[in-house]
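Encoded as structure tokens, here's the structure I'll be asking about.
Note that the chains take the letters A, B and C in the order they are written out, and that residue 1 is the start of every chain.
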């Protein structure tokens, strides 16, 4: 029997280790050509993305993609900042505020907008080299028609004393400060002057009973009877609550409702070419129709058809208002403190 | 050779885990010295921010207050249970109480909090009962406020408190009570002069554990606070996750770490000083 | 004796006292009269009910029937903290979180004695028990003997009417135990308290107490002075508990007012003096203390009227210093123990030789036959 000396054994181990490593390097490089890593939300979002975008895209373009889960886009921003230069994802699904902050922190690659063939079918405001819109979500009021003694039609109804202790509002500057900005606009201020908005919120304060941090919490509180009105809810939450009972109503209150844009951005160090092709596919007519229907949101592509259930909740006559989320982004921290201090306590 | 290495193999995984945790913790602390955008060192800016902003300070003072109250209530509620369990309960009663405690330990914390909502919520058990009995027309607000969080905190720490007290109560020498009784001490004086002082080590241990668990709790204020109960962990989460301000969140975590350490040192010191007096 | 520590001597009367624990009768219809200033020892094996009796007197154990009267006052339904009895627990039960001084004044505080008076009593107690140097020490730092003195000081500080001591010496080592025995009696007699001491150690009981109550299975089997129990045990249980004893089973063959003749088999007759307690006829147990027997050479003359004689063979000899144990066996295979003083200058005996074992008729004790005795 041949004996292997210790030194030989060590060399052998080192060599085979190096071989393995080289093999892996080659493998991962080869894969990098084909595999797109997308930071996105899980759950229904992930499911909808896979069936509407990722699987058809892989079939059409031969580029596979996978989701790296995030629980919120702000969390991803924090982690991108923390792991600067160590990120290996290509695309990031997010909202305008975090994207704007990430762009100013130099965490993004510019999107080659001229290579997006379908960009012309999107509203011009949602296509630029920082981000491209992927769907939009209108926000309104959800209430329980059985327990609320009157029909809610306008945002000002939230100050009605008959709603005392029945309303849930967003926690801090949740929903990227949209509720605070909306109140400011309604009260004569704007995204840079929210004092009137806080004054209006103080009128609503006796009505606010709980401040919620997530969509799921809103839905749970409403359907369990803990609250009767959700002051500021994406229409998707209405569809979810509706499954629990027909007493829930969605209102697109007068005079206008805010719409948030979910967007996609290309991260620094990404495979820009493949990422661009993915974005172009995602914003095209059919995938847009499909994902909007699955998620209960509005398609960003103007050619896509809007589902009847969405039309029922958000009539075509509704006036939308795009908020200046980029302007709001840098003020969120201050708004958050102030909301906690003046409204929540 | 191998036999000599065995202890190292057994110790290594735990040490490794501790090392990894400490690395994580120190990197969190490292972040607390960065500017909010995470693009450079900023000294103690974040700590100064925490110290000067009344809104942030409130999270700390309020958390300490809630932790103190909940610990005190848990002590008041837990002591009789622990005492009954060790002194008066029959073996089968003891088994049942222990099973209850075990269930409280084994069940998921989030699940327990949801259970409380089912009991104390607006249309929960208590309110339905109160309205059925005609005690009230409108439901009591027992949840999504300070009271709800206190109930959640107390029910979270109660089993720890009880088990900490169990140890010392089990070791209580029954003859000391008899000796005091024969010497003329009525039951309440026996409790104050004999039982309580001898339980001090367990009370301190239970207090420390409960206080720290309450102080650091996140799920309870998140689920039961209705956004009205400011606790430190919520601030950390809000800053680090919702507002992408990892440095400020890290600084808050750092301060929480320091407070926790101070509490441990203080209570340990007290316990040592107390016990040293009458231990060989 | 310090004037500030004075005690009222009180008697204790137990009548029909019974204690049941979980359906088991621990104490069974006990009557006992203890005179003021008397020291009584309750002697018996563990589980005989002696500690239970003590605890019942202290009020720590509720009797299921019967009366406890201390100094003429019914105590049966009085809470322990209102009885003012002193008690020294088996392992002293000193409060570990209090200093020696704090332990001693605890009872005074509970009785609402003013601080100035407490200080006087404390000093007296510390002096009396030689604890002055240890007044600020915690119990854990004291030796066993010191702890015991603290326990006694604590229990007498309130000047109780009775002192109850539960195995007060059992936690001490042999040497200390022997020293403390006489010290304890001296102390108790000095303060003149009525005291009940529970012990399973016959030497301890005999050394400390005025009278000893031997207990078994919840009852007092016999009560009397050490001498009474030693010389006139009324049953094998008492005889065995107080020293060693040799036994013969026999039956009364004939009797007069003064003398009985006993048949112990082997065609051998023993003689004994009759007394009021001995049965006139039937089966009896004959008991002889080993130290009462003298081995004599076969040929030596013995006064058959004054002595009983049993021939036996020396099996073994154990020299223990103070005494020598000699083990004999008679013709019927009965073992007989003879104890000779270590100082005895009597001629040495040889193992294997036959001797006449002789003892005075006066020390031949009769008791009812006990069929269960082995």
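Note that a contact is a pair of C-beta atoms (placed from the backbone, for glycine too) under 8 Å apart; a residue touches a chain by one contact, two chains touch by 3 or more.
On a predicted model such as this, the values are computed, not experimentally measured, just so you know.
Taking each chain's centre as the mean of its CA atoms, C is the chain most distant from subunit A. Among the chains, the centre nearest to the mean of all shown protein C-alpha atoms is found for B.
Put simply, the C-alpha centre of subunit A and that of subunit B have 35 angstrom between them.
Our note on geometry: subunit A versus subunit C, Cα centroid distance of 90 Å, whole angstroms. Averaging C-alpha coordinates per chain places the centre of subunit B 57 Å away from that of subunit C.
Against subunit B, in their complex, subunit C makes its touches with residues 55, 58-60, 79-87, 89-91, 93-97, 106-107, 110-111, 138-141, 154-155, 158. In the complex of the two chains, the subunit A residues touching subunit B come out as 71-72, 74-75, 77-78, 81-82, 84, 98, 101, 104-105, 165, 171-174, 209-213, 224-226, 332-333, 336-338, 340-341, 344-345. Looking at the complex, you find that subunit B touches subunit C at residues 173, 175-176, 178-186, 189, 193-194, 197-198, 277-280. For subunit B in complex with subunit A, the residues that touch the partner chain are 31, 36-39, 53-56, 58, 117, 121-123, 141, 143-144, 222, 226-228, 230, 238-246, 249.
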